[in-house]
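Please go over the structures that come below.
Here subunit A shows up in two complexes: once beside subunit B, once beside subunit C.
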Partner chain A sequence: MSFWEYVGSRHAQLLTDTFQHASAVFQCMVIATVLGVVLAVATYRSEWAGALATMTTATILTIPSLAMIGLLIPVVGLGVAPTVVALTLYGLLPVVRNAIVGLRGVDPALVDAAKGIGMSRTARLFRVELPLAWPPILTGIRVATQMLMGIAAIAAFASGPGLGNEIFRGIASLGSANALNQVLSGTLGIVVLALLFDAAYVLIGRLTIPRGIRA
Partner chain B sequence: MTPGVTPGASPDGGGRRRPPDGPAGAALPDDAETAERELAAGTAPTASLAPGGRRISWQKWTCMPAFLAAALLATWLWFRGARLDSIAHQAVDHGKVWLALRQHVQLTAISTVFVLVIAIPLGIALTRPWLRRATPVAMAFANLGQAVPALGLLVLLVIWLGIGARSAIVGMVVYAVLPVLANTLAGLRGIDPTLTEAARGIGMSPMGVLSKVELPLAVPLILAGVRTALVLNVGTATLATFGGGGGLGDLISAGIITQRMPVLILGSVLTVALALLVEWLASLAELLLRPRGLEVAT
Partner chain C sequence: MPEPYASYGSNTDAPQTAARPAGSTGAAIRLEHLTKIYPGNPAPAVDDVSMEIKAGETVVFVGPSGCGKSTTLKMINRLIEPTSGRIRIGDEDVTAIDPVGLRRKVGYAIQASGLFPHMTVAQNIALVPRMTGWSKARTRARVEEMLDLVGLDPGEFHHRYPRQLSGGQQQRVGVARALAADPPVLLMDEPFGAVDPITRDHLQDELIRLQHELHKTIVFVTHDFDEAIKLGDRIAVLRERSHIAQFDTPEAILTNPADDFVSGFVGAGAALKRLNLTRVRDVEVVDFPTAQLDDPLQSIFDLLRDGPTNEVLLLDRHRRPYKWLRRGDLSRAKQSLARAGTLVTDTVTRDATLRDALEAVLTDSAGRVPVTGRRGEFLGVVDMETLMNNVHELLEADRLEALEHQHELRALGAHRTQLAQEGLDGAGGPEGGAGGRA
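On to the complex of A and B.
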């Protein structure tokens, strides 16, 4: 069976896996972004708290994903839960780091000016600091998404959702005629998803980065 | 995809123990590119300089090993007390744990050597004038390569080259070369052109400029590349088990497949400890081997 015949005959399964892969990565990325920005906002003012947040998330990122999933299984069991927890944890670091760098990079004169025209602390954060820090945060999200794509594939080993299942089916039938097709379809599916997400982020960047700070 | 690349591992404000974000720092959107470049430029030269310069605080020296020792001791005590049935015994008996650990270290070491031997000379070559036009192509290729999942790449290589440690090592090298190459390129291109021009101006040959000016200035960057490669490879080596390549992934996958939690936890804790230890050693080496001349923050 050629690769395209294989894709044709299994397109329902492949589409389901692709959709689940994309949705798992997307949802975890949303959680990671919210958590990451909150963490950054809470810590960027203090030198040591910021360093601590960056260091903790960096340590998490150093842990190999298979080991992280292995440690999560006794706690949360098999299936979707370890996938979601692992993906969210790994997605945090680039967002937290870039958000802290971005927030610290905001010109203090601008914040002072905002204060001067009577903006509250919250208004300053949401209307001045976060919009100015948004480009690096978006970069962090992009970087994190690309990484999560690959980690989600590994999470399929703990019965997680997504295209990793296709790859592991191929490993299970190593040597059979369809092994290559299965692994190839899973891998290429992830590559395509990663590129689509990347394109979407470029678009989001164009739409959401304030006109005034565009390069 | 824009060919813009930040030196993934080098721009970094506070945290000294940086992630293996070679694959991370790769692609930038057009809009954020300049902002990010500025950030990178602002932080890169002084990135790993703590306020105290090279003086590493004693906490930095002892915190991580102490934590690892405590975690390993706790795991060992717990593992000794855990009740193992015959299936769990089969997974850990006859020195299988040591074998897995040794295989893991070997896989990591061998693939890291290959990554450095390939990526750094390639990075130097791509920044030479006669090849400079190929750099955007290489960058675009490197960015595209980041989208390929490590697991898929490894398994495809196993299908192609056969089961065993060899295909695992090839896969790990292919996977880690791109981020290290991207870092090397970004760093060499980040060298102040006035310095190389001054070197040319006092009559140095292109080889002299490379060996006496550019390479010494790029040492921190090359060390960062070593660390990125090491950390990435420790992680990817866990996947070698899916291609019959051995390593600590064997314990983890055996634990998951047979549902024996002691085996799973032992494998995972050892992997985590090894990864953190390697990262710690590499970041220490990065600080100690940095040329003294580059320490003075301007």
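On to the complex of A and C.
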């Protein structure tokens, strides 16, 4: 059976896996973004707290993904839970780091001006600092998403959702007729998804970054 | 208890500020013993500053870098919290009120405009009105009004982003934003420091025009003494730790600097700088024989022959100065008005400073320059003699006024000493006194 015949015969399963893969990455990215930005907002004004946040998230990233998911199984069980926890943790670093850099990079004169015209702390954060830090934050989200696309494949190890299942099944039955097709279709699916997400981010950037600060 | 601010009050009858109309929208500001000490630094950054700024007055803080003038300004809207002392705006003690509310009532314009780059010009200007709860419609109308006020076409600039504007335009928008919610007080922290000299000159003129219309209380910080002279009703020359070396009208500071520090700051050419403070409208222009271009030749001849001078000024159809015509010019040009005489190259308006007028007079070959009205029509002539006489009179008047201030201060000082000796005022006034000329 050729690759395309394989894809044709299994397209229902492949589509489900692709959708679940995309959905898992998307949802984890949303959680990681919210957590990451909150973490950055809480720490960016203190030299050491910011460093601590960046260092902690960086340390998490150095844990091999297979080991991370393996370690999570006894804690949260099999299936979706370890996938979500692992992906969210891995997604944090780029978001936190870029958000801190972005927030710290806002021109102090502008913060001074915002204060001077009578903006409250919250207004300053939401109307001046975060909008100005948004381009680097979005870049962080984009980088994190690319990374999560690959890492999400490992989730199948803990019976998680997504295209990783195709890859693992193929590797497990190496030498059988469809082994290569399975690995290939899983991998190609992830690559295509990653490209689609990237295109989506470019679009989001166009829509959410005001013309006044667009590069 | 004697009034501890009387030493500053001695200047309150300066003619320039007294001439302000009663309908002023500004509010008086009163700083009482303001001190700022930063942690870890035993020497105060601002040490016991007291001053009174009258409603509708423009006061300029001028001093060398690091003298604490900016810090003092930022304590007025409490961007920097004073370590001790009180701030009053109008009748209200604002030292302890919510700083966010206070800042919405105090306009703030800074160097390089401080516009938010991610918001359009209109959004930037609308910020404070929206925060203070104006309706959308009212805010929109106000934005247009403010753009108009600072000389930017609302239709053209409304939707632009700050980076699409020149430095001068950004600064205008910055001022518009600061004034948008109609605050009684406007604080300006070296607002024109980052623009080129020509634009700065325009912006300064613009601010003077605005202030004529609005009568806000403006506190302006600069390190440029010429800017201070141009803009200030009164100037506070500050030395390190924001100690007031002299607080007086520009005229008084130029003609009678309190000490070496102030005269060092005034720099050379005080008399020339004094010329910037008087406009052509304030001096006497002399009449000059004129003729219209379409007058019959014979009448022009008669005028040249019988007039007080051997020269007439030819005016065009709109009574604008056109040519200088001397006796003999006509015969040399074979009776043709079109070829006779020399074209008028330079004119000054009634709003020009005496310095501009002097410049024009010096460059003119015959040492005189026509003064024109709003539509360019001829009003009279300024020449070297008029200028000289006027400058002498001005300097003499300044000197007398400064002497008067000095007498008042001495009297006040004597009064205080007497009180101190009687044990009624042990504390005394702030050290040295603002206008304390020895």
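In this section, the second predicted complex is superposed on the first by the 215 of 215 C-alpha atoms of A that agree within 3 Å, B and C clash if a C-alpha of one lies under 4 Å from a C-alpha of the other, contacts with A are read in each partner's own complex, and residues count from 1 in each chain.
Going forward, a contact is a pair of C-beta atoms (placed from the backbone, for glycine too) under 8 Å apart; a residue touches a chain by one contact, two chains touch by 3 or more.
Because the structure is predicted, anything quoted here is derived from the model rather than measured.
> Is this a clash or a fit when subunit B and subunit C both end up on subunit A?
fit
> In this superposition, which partner touches a larger number of subunit A residues, subunit B or subunit C?
B
> Return first, second, both or neither, reflecting whether A:70 touches subunit B, subunit C, both chains, or no partner chain.
A:70 sits against subunit B, while subunit C stays out of touch.
> Return first, second, both or neither, reflecting whether A:213 touches subunit B, subunit C, both chains, or no partner chain.
Both partners, subunit B and subunit C.
> For A:81, decide between first (touching subunit B), second (touching subunit C), both and neither.
neither
> So, A:131: does it touch subunit B (first), subunit C (second), both, or neither?
Touch status of A:131: second partner only.
> For the overlay on chain A, what angle lies at subunit A between subunit B and subunit C, C-alpha centres, nearest 10°?
In the superposed model, the angle at subunit A is 100 degrees.
> Contacts for A:31 in the overlay, against subunit B (first) and subunit C (second): which applies, first, second, both or neither?
A:31: touches no partner chain.
> Using the superposition on chain A described above, determine whether A:123 touches subunit B (first), subunit C (second), both, or neither.
A:123 sits against subunit C, while subunit B stays out of touch.
> Under the stated touch criterion, which partner chain does A:113 make contact with: subunit B (first), subunit C (second), both, or neither?
second
> With the superposition applied, I'd like the minimum CA-CA separation between subunit B and subunit C in Å.
In the combined three-chain model, subunit B comes within 13 Å of subunit C at the C-alpha level.
> Determine where on subunit A the residues touched by subunit B overlap those touched by subunit C, and list them.
Residues 213 of subunit A touch both subunit B and subunit C.
> How about subunit B: which of its residues touch subunit A in the complex?
1, 12-21, 23-36, 38-39, 42-43, 144, 146-153, 155-156, 158-159, 163, 231, 234-239, 242, 248-249, 252-253, 255-256, 261, 264-265, 267-269, 271-272, 275-276, 279
> Flag every residue of subunit A that touches subunit B in the complex, lowest number first.
Contacts found on subunit A: 47, 50-51, 54-55, 57-59, 61-68, 70-71, 73-74, 78, 93-94, 97, 100-102, 104-105, 135-136, 138-139, 142-144, 146-147, 149-150, 153-154, 157-158, 164, 167-168, 170-171, 174, 179-180, 183-184, 186-187, 190-191, 194-195, 198, 201-202, 205-206, 209, 213-215.
> Quick check: in the complex, which residue numbers of subunit A touch subunit C?
Spelled out, the residues of subunit A in touch with subunit C are 109-110, 112-120, 123, 127-128, 131-132, 210-213.
> Within the complex, which stretch of subunit C touches subunit A?
For subunit C paired with subunit A, touching residues are 77, 79, 100-108, 110-112, 114-120, 127-128, 131-132, 161-164, 177-178, 187.
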